[in-house]
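What follows is a short report on a single structure.
Note that the chains take the letters A, B and C in the order they are written out, and that residue 1 is the start of every chain.
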Amino acid sequence: MTSRAILRAMVGFYIAIFLLYLFGPLLVTSITAFNTPSYPQAWPFETFTLDWFVALWNHRAMMEGLQNSIIIGVAVVALSVPMGLAASIMMNQIYARARGLFYLVTVSPVLTPGVIIGISTVIFWKDALALSDFTKSTFYNGLVLATLGQASFISAYCMLIISARLQRFDRGQEEAALDLGASFPQVFWHILLPFLRPALISAAVIAFLTSFENYNTTTFAILADKTLVTVIAGEVRQGTTPALSALAVVIIAISLAGAIAYEILKRREEARASRILEAGRIAEREAKAELAA
Amino acid sequence: MSSRFVVLLIPLAVIAIFWLMARREAATRGPGHRGYFDRNGALLGTVFIALVGFWTVFLVVLPYLYMVVESFHPRLIPSKRGGPEDVLTIAQYRSFFVEPSSGNWNTIHLWAFIYTIGVSVVVAAFNFAICYPIAYYMAQSGTRQRVRVLMLLLVVPYWVNEILRAFALRLLLASKGLINQMLMGAGITDGPIDFLGANVGLYVGLSYAYLLIMVFPLYNAIESLDRNQIEAARDLGAPWWKIHRDVVIPYAKPGIASGCTMVFMLSAGSLAAPQFLGGPRTLWFTSIVYDFFFQSFNWPRGAAYAFILLVACIAFVLLMLRVFKVSLGETIR
Amino acid sequence: MSASVELDNLTVRFGSFTAVSRATLDIAGGEFFSFLGPSGCGKTTILRAVSGFLDPTEGAVRIGGQDMSGISPNRRPTALIFQNLALFPLMTVAENIAYGLRVRGVGKAERRRKADELLELIALAGQGDKLVSELSGGQKQRVAIARALAVQPKVLLLDEPLSALDLKLRQHMRAELRAIQRQVGITFIYITHDQGEALTMSDRIAVMSDGVIEQVGDGKSVYDSPATPFVASFVGENNAFPGRVVSADARMAVIETAFGRLAGRNPSRLTAGDRAILFVRPEAMVPTAGAPEATLASEVVSVAFEGNLTHLYLRGSGKKEISLSIGRTAGFAMPAQGATTPASYAPEAGLVLPEGALARE
């Protein structure tokens, strides 16, 4: 055995251990979801059952929490993607000297522990919304506050994702459209937004998922309401039930399906891109041949 | 309420500074420069400003300032807020160091603070150590296809939320958990080992929760390193550890700073792992803050503690930036 | 429909840097006009001022007699072809061509009809539904032209549009551009650093250097009668012999150079004592002795045979190299490398100009 082969074997072994560390706990949890004992138990495996999935489905608080999580997630997407987009456009246009300050202000929530964002959101909006009875009764609730708290840092994620693509935007396209008679808003709708589309989609997906699984900020900002994650936290605090394992199985299944779908889409997109590239290459070759003839 | 009102002026001051900067710079711009509203149109321009203004002022700057202001106030029942007793005070910060009831050093909270910071530093270092080989493999030696599969595998557990992951670890590490079952089954120990009580669960939980936060910045940083540089170092006869020490790690510095900073911050601010995996006598700093809000309803003191944590985190970030000699922009991407 | 373009004392400054200085020029309607100069000479700045992306610091741009100040690029009767073409990659070829019509509120069917018409013009009929990236470089070029023509501009501005193509295609596209211009009959303003492009396509050329228009004229006059040392050295190859005028009359001047006394035409009416530069084109020189004040002694540094031409590189008494291009049919016996040979020219082929900056190599 050469030293290279030994090295390769060691690397493979290391990756296997790493993946075991990553997946082992989730795998064990998944097994407990299908085992009968009411304390989540992986071994000995008594009887196969789907009862815990039924229990999960009938868990009222979790279903309510799920509903709230989705509402908050959608609201966060609706708020964060436009705010992130506006901020990345402004950052692109802003004067160089102000850019540093702007960047610091917008990105600071990413570097702030979520707990602190939750606390500051509650403290501020409790006072701000107490200014009138109407705002207090309409907006001072967990759903609104959780949305605002989460949006403060999720917008920064969106901004970073969108900025990365915006930096590759060719200003020449903007000028070309203007020169052809487009107004600036038309340039925005016809040229810039289509160009940013992939970044906007990934920003929306990341925003929703981050919102959905957020705990640290939400646990403070949610007040008397609940989201799926805060319900789970309450359950785990009280003890453990295999219904939680069942939930983990569902989430893992959905993530896996999402990951596979993403991979398929990406491959299809790549195939399309390489086909177009190939077509361009063929056209180039034909043009050269024609010229030579 | 007066001090609370004063903070409203600070965002206005920030906006004014922006405006002045814009004015000054506009004067030095070439004649080709177009004004903001010329470029975006009146409607979109206004919408952008409104969105960014709402975010920065109402979601970022004002809440932070309010929290800081709150921390400099005494704890009062709602009806007394704004009354004569609502004065500025540093009592909440004093209480972090000196227990108000007894006048002794507040060793419990001070220790919790040091413990939280210390454990977070260790977790960041540990995660760097175990993630570096994976990131290096993915970035430099893995085939394209394999790296993509590995990447997907890494992402999937990440979408299982923090609490369920803590729950999963608890199932493994509990006294009736699988690991104790295995140890006893193999006859290594007679009785169960209390992993959770000994905080092993907490350490593993923190490391486990933020593995990916370390892998991706490292991967991104190492990925752009030209393979030829490594080949060249190898040709010159450098042993593998020297290649990493002299070529890869210096190059990946921004990624390392980014990964370590993020893991540290998330760990120091973590709530789930200490709540669900910590031993019963373990005091994590964020848990203390949590209790001020939800058990003793002492918001000002909770705000003061939160601010102390924030300052510690900022200090750590600045330290990392200084140590690694990278800029903030390189760290956050 | 074409329109004239007038630059009236046009000046553009960026801070303390003057990109264009007092450019005054009339371009007639329907003319193919080129701005020629090295990069950084200010030609692109002029183009941007005409298209409206830049506001002049002083002076004015008039199109069809109308002052353009304060009129934004989207309302000027100009269309610009960008150096990198700036085609919209997410739109099809037809959508690209019809974009100007779309923003003008033209209906879908009408847009398509117009796009097909233009595709016909650029010989890409039936390719409207392709994506831009499926086309070859030359095809993209033509799409960019069609997109600009779709809005029926009175003036078409072209910013080095051929620079991304390879040599053969570039030469082919020259003819094509010229043909399109004749067909549509509008004013073309063409920016280039390639003198071959400028000379072959243009009705008239403005040669620019450091923000100043050095000379305006048709290709022949710019080549044969350059007005300044810059133009003489930038347009075509030229041998430059700096020196001082020893004798001069209204027609000819003799200057003292490192190679001895040499004569040339004197259009600038220089007088004895003036510092001057004598220019002689390589193709005007022959490797034999001629008139005493048009002959210099030299050593052959190298001989490069290029089919129809042979290039001789000679070195005189100074370090300076002289180049000769000798046609095949001229029937000279080529001296060998290292040999000593006289070189001469017809005194009328020499041109004496007042001292000034040469084009950087």
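Note that in this section a contact is a pair of C-beta atoms (placed from the backbone, for glycine too) under 8 Å apart; a residue touches a chain by one contact, two chains touch by 3 or more.
Since the structure is predicted, the reported quantities are computational estimates derived from the model, not experimental observations.
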Which chain is in the middle, if each chain's centre is the mean of its C-alpha atoms?
-> A
Looking at Cα centroids only, farthest away from subunit B lies chain C
Whole-Å distance, C-alpha centre of subunit A to that of subunit B, is 17
Just how far, in Å, is the C-alpha centre of subunit C from the one of subunit A?
-> 54
Could you state the distance in Å from the CA-based centre of subunit B to that of subunit C?
-> 59
Subunit A: positions in contact with at least two other chains | 183
What are the residues of subunit B that contact at least two other chains?
-> 38
Find every residue in subunit C that makes contact with two or more other chains and list them.
-> 53, 72
What part of subunit C is in contact with subunit A in the complex they form?
-> 51, 53, 72-75, 78-80, 82-84, 86-88, 90, 99-100, 102-104, 130-131, 133-139, 147-148, 150-151, 168-169, 172
Going by the contact rule at the top, pick out the subunit A residues touching subunit C in the complex.
-> 170, 172-173, 175-183, 186, 190-191, 194-195, 276-277, 279-280, 283-288, 291-292
How about subunit A: which of its residues touch subunit B in the complex?
-> 11, 14-15, 18-19, 21-26, 28-29, 32, 39-43, 82-83, 86-87, 89-90, 93-98, 101-117, 119-121, 123-125, 127-128, 148-149, 151-152, 155, 160, 164, 183-185, 188, 209, 212-213, 215-216, 219-220, 229, 232-233, 236-237, 240, 244-245, 247-248, 251-252, 255-256, 258-260, 262-263
Subunit A partner, complex, touching residues on subunit B are 4, 14, 17-18, 21-22, 25-26, 36, 38-41, 43-44, 47-49, 51-52, 54-56, 58-64, 66-67, 70, 130, 133-134, 137, 141, 148, 150, 152-157, 159-172, 176, 178, 181, 208, 211, 261, 265-266, 268-272, 275-276, 286, 289-290, 293, 299, 302-303, 306-307, 309-310, 313-314, 317, 328-329, 332-333
